[in-house]
Amino acid sequence: MTTEAAKASLIQRSDPLASIAAAAGQFNNWGRWGEDDVLGTLNFIDAAKRVEAAALVTTGEAFSLSQPFDTNGPQKGWRRRTNPVHTMTDTGVDAERGNQGFPHGFGGADDVIAMPLQCSTQWDGLGHIFDRGKAWNGRAAGDVVTSEGDLVTGIETAAAKIVTRGVLLDVGRALGVDGELPDGFAITPEHLESTIERQGTSSAVRRGDILVIRTGQYTRVRREGWGDYAGGSAPGLSFTTAAWLHASEIAGIATDTWGFEVRPNEFEGAFQPLHQIAIPNLGLFLGEMWDPDPLAEACAADGKYDFMLTAAPLPITGAVGSPVNPIAVR
Amino acid sequence: MTTEAAKASLIQRSDPLASIAAAAGQFNNWGRWGEDDVLGTLNFIDAAKRVEAAALVTTGEAFSLSQPFDTNGPQKGWRRRTNPVHTMTDTGVDAERGNQGFPHGFGGADDVIAMPLQCSTQWDGLGHIFDRGKAWNGRAAGDVVTSEGDLVTGIETAAAKIVTRGVLLDVGRALGVDGELPDGFAITPEHLESTIERQGTSSAVRRGDILVIRTGQYTRVRREGWGDYAGGSAPGLSFTTAAWLHASEIAGIATDTWGFEVRPNEFEGAFQPLHQIAIPNLGLFLGEMWDPDPLAEACAADGKYDFMLTAAPLPITGAVGSPVNPIAVR
Amino acid sequence: MTTEAAKASLIQRSDPLASIAAAAGQFNNWGRWGEDDVLGTLNFIDAAKRVEAAALVTTGEAFSLSQPFDTNGPQKGWRRRTNPVHTMTDTGVDAERGNQGFPHGFGGADDVIAMPLQCSTQWDGLGHIFDRGKAWNGRAAGDVVTSEGDLVTGIETAAAKIVTRGVLLDVGRALGVDGELPDGFAITPEHLESTIERQGTSSAVRRGDILVIRTGQYTRVRREGWGDYAGGSAPGLSFTTAAWLHASEIAGIATDTWGFEVRPNEFEGAFQPLHQIAIPNLGLFLGEMWDPDPLAEACAADGKYDFMLTAAPLPITGAVGSPVNPIAVR
Amino acid sequence: MTTEAAKASLIQRSDPLASIAAAAGQFNNWGRWGEDDVLGTLNFIDAAKRVEAAALVTTGEAFSLSQPFDTNGPQKGWRRRTNPVHTMTDTGVDAERGNQGFPHGFGGADDVIAMPLQCSTQWDGLGHIFDRGKAWNGRAAGDVVTSEGDLVTGIETAAAKIVTRGVLLDVGRALGVDGELPDGFAITPEHLESTIERQGTSSAVRRGDILVIRTGQYTRVRREGWGDYAGGSAPGLSFTTAAWLHASEIAGIATDTWGFEVRPNEFEGAFQPLHQIAIPNLGLFLGEMWDPDPLAEACAADGKYDFMLTAAPLPITGAVGSPVNPIAVR
């Protein structure tokens, strides 16, 4: 079967449900780590993997892959996803004026935040997306995430897990124009393989890795303004990568875009169909709104694309995702 | 001068202001890294330090040093510090019932949090505490932290910085009863040195390290209930450690308690006097409400107390601190 | 049938479900105002009723029946019900220091609140409580209140409705000791009638009235501290008032307690059984945590217990209740 | 002096500071109600005024003058003013599925809101605006509103006060095209007087009244979308009304716009100069983002423009303003 034919078989443009159902049947990890599993593909990370990751540290450079958590962010309120609101309960101005009631010249500043957990750089937890009423590992969605939160796969279960080898796939630089893919560009398995090949041996993808995909869209919006970064057109993973994501045995994958997969989506009348495979069926951790740019500069400079990645979610009880400041050390 | 005499000279119990002023004069890093510096003791962490840290990874075990971010936390509302409130905007129950309006069986869960940045495991940023109207590096407090946030030393400036060698000083296990120091126990420089000596060579403290101090109080409250964990009596650092903290050239220090220093404080009518030296005068990063217990078990088991520590704050623009999930790998 | 027998027939202590089912069958307004109704007993208020209410204004005294919305409130976090957190985004201290960036000496202060809608003085909306899966007027609970809010009976539907004659029934003063009923005191129909009789003709209850019940518990906690005001023992309406509430054709009823009905509840292993009748079956608006005390002083002084009541909820789209500052004018 | 000359003397376009200083000197109520006063022009409302107001109720029609409190509101984040975020902590979907843990078929829905107090229909409190470092009654701004809130004139002080005669001045209908004034239209004293004259005797403005000014802008944005309703161009009061507002002895004034006064403002480089006179110098209560439209229809129909107005702020301790659902009864 040719690539185009394979793709065609995966994507029946006018019938997303059939395509999703077919892919979910083929690419599925339910039961792979037991019926009580709450970690999905994070199970691919083991102690040896972390040792492998630490061994990648040679120059000691560290990079934050986080976008700002800022009130001037990209969110526009879709499904009540707003930008963070950060307010002070005590300030230096008050301390200086002496109105805080503390003794011996002590002054303090304190603050509060209100934010959607998906407002900026984040991990999607395994309770974030459901496929036809089912959550990760085949559980009924309503048994997993109620109004009290994710009772089973809350992000706190991943608190100590996400330290592994990271690999940057700078698809924007490899295949784009001036380092950027255009909005609507669907990254296929062939694009991923081609990028790996161009980047060289440090980019070989292995079990337990976390991939950081740079499309260049964040570079673009940083230059031109947010526009419709939150939910608009974007480069991203094609639905046709479902098999590749499954076969690669990666522990997670993150992009510099709002929504990981290409937008508009590749089906008529669809909404984030690859999420529907990746999270509930593969148990794959998805990172969104990451900032790979400073790291990408360093990787391009010396041709080494792998690094130690620590991307620890806040253990918010019952959360279906978490803000995160991913740290790459190389 | 004997230790007791030295301590007496540092602590004039009835005159905290004089004691603080004296200590602030002696133990002070203002200008050490230039007048524009925003990182304080994080400057002690360099690339070589991160290489050193990575080399400590041998078994590949990873530990989260974070307490839960949970509505049933210790906060009681002091100065509006409450526990986090995590609410859902979409749930699995809704997805299952089919009321979300998504196509092809797609379902989602989303969530929101409102929380003080100091509600659970956290870093104090350099704008968190002032000494007689001055912030870190001698700036006027009111120039640094206004109602808009920390305009100078906001926690986002530290986003990529906090990867280094960590050293656990398990003072509770070394000097306590059943591994726990009693509330009100003031940890002096002698206690720190004694703990280092007992723990052996892996505990030698070097420039750029981050120390994790285990008092055992968190072990106790986990067993017995929060009680007055937030602001009540606690073991913690003595004011007499000011010189030691300065001379050690550590990059940061964290405890398993609410407030880092011993409580009640060692002066009459005082409030957190060591903070007043450590943050604005030393530029020292303080971690509070960390959970060192699982790591401490592993360290005690094999006698190796140092590890690679990644403790990346969320880059919340202008925040004077940040929730953090510190990850130790050994 | 004697009163005691009637009460016994209503309350089978060991079988709340049977008792509730029986009462729901007898005391039920479903369909009374058409199948599309969203207002329940507020339908009893008509234009003539508001004219009647306005005519009660003679002295021009006005009273707020609201408790404070304050961070030092009674809430302890039950089901994430916390006290309000009010924070400033701009302050006078900033304005004075000139850091706000406004021209010509303009300065401003602004603020933000985060609060449960039930944290202080409030109306329960018709979507607040369900009986065996059914909401007001017999609708399926899941059709009415989803994670997006109350799609049918959101409190905004009552925005312009709640102006009517109010009647204070000061049961505490009529039947209590020093003006207060003890915690656990169940107010029966007989107690209500006795209070009306003692208070005199201005207390006659008529269709469309809103009753304000003073038990005196709020007077007590104001004197002694909140204690377990939020959810603990309290005086309140007996389950046996279900028939009376139905027959009286009142538009609403409010108390000075956390939960309207007597606590502990009158059944074994029960939770707020009268709510289960009042809200979904009668469509009755319940007010909780009101402060009737200043009004009660005035009423006791001149023996006139009725007044014009304006208790307008904030029209928060889809809310199942609302904070309210009820105003009585007499 | 001609009107134009008077206006010119009030508005020196290139020197807002001089104009404001001059107006603040002439139109000022500091000390009028004693040095401890916290109510400003609300002092004009007395018991007789409330009796007068109640006597206006003839048909019993009630109108809410509140806009929705809705996530799809006009706010765009200026100075962290966002739209409200309303989330559920329990829902009917959960109740129906039986996951709430309540006995005997009891189900509940509960909710939480996070919002700026100025996000929708609101009162500005007296601590909301400062003039050259001074708050209402001549107090130092920094003595009044700190990071803890308004310590002196918090909106809770007005909890029981705002019941009075309301007068609708439908300037849009009187002087506009199709009932609407264009953006940028400055309403002068002459426009107010002309509107009063056209509307007839029920519109006579008297001491203690609250005026509701309808410009028609809200009608327009409701039809055409929010656009720049929050902070953009708008019809509104001219700076030249300062004398009129002072002399009229009104208790408050509200508009259907974001910011009460005309925008762009009438000075070069200015920001809300009339606020700077009205709030700190006159002690005048300003209402913003009110919805007068349904009331205006009724007033136009029968030519009666006065009514009983109850506009009770939530008594949020220390707030510099409050959301409000103003109720007009006529």
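Labels for the chains are A, B, C and D, by order of writing; each one numbers its residues from 1.
In this text, a contact is a pair of C-beta atoms (placed from the backbone, for glycine too) under 8 Å apart; a residue touches a chain by one contact, two chains touch by 3 or more.
This is a predicted model, so every value here is computed, not measured.
Both chain C and chain D are touched by which chains?
Touching chain C and chain D alike, sorted by label: A, B.
Give the chain pair, either B-D or A-D, that is connected by more C-beta contacts.
Of the two interfaces, A-D and B-D, more C-beta pairs touch across A-D.
Between chain B and chain D, tell me the centre distance in angstrom, where each centre is the average of that chain's C-alpha atoms.
Here the centre of chain D sits 46 Å away from the centre of chain B.
Rounded to the nearest whole Å, what is the centre-to-centre distance of chain A and chain B, using the mean of the C-alpha atoms as each centre?
Using C-alpha averages as centres, the distance is 28 Å.
Considering chain B alone, which of its residues make contact with at least two other chains?
Counting only residues that touch two or more other chains, chain B contributes 71, 80, 85-91, 93-94, 96-97, 99, 112, 114, 142, 146-148.
Which residues of chain B touch chain C once you look at their complex with the stated criterion?
Residues of chain B touching chain C: 71-72, 77, 80, 82-83, 85-91, 94, 97, 99, 114, 142, 146-148.
Write out the stretch or stretches of chain D touching chain C in their complex.
16-17, 20, 46-51, 53-55, 57-64, 66-71, 79-81, 84, 86-93, 95-97, 102-118, 127-133, 135, 140-150, 156, 159-161, 163, 267, 269-273, 275-276, 308, 310, 312-321, 323-327, 329
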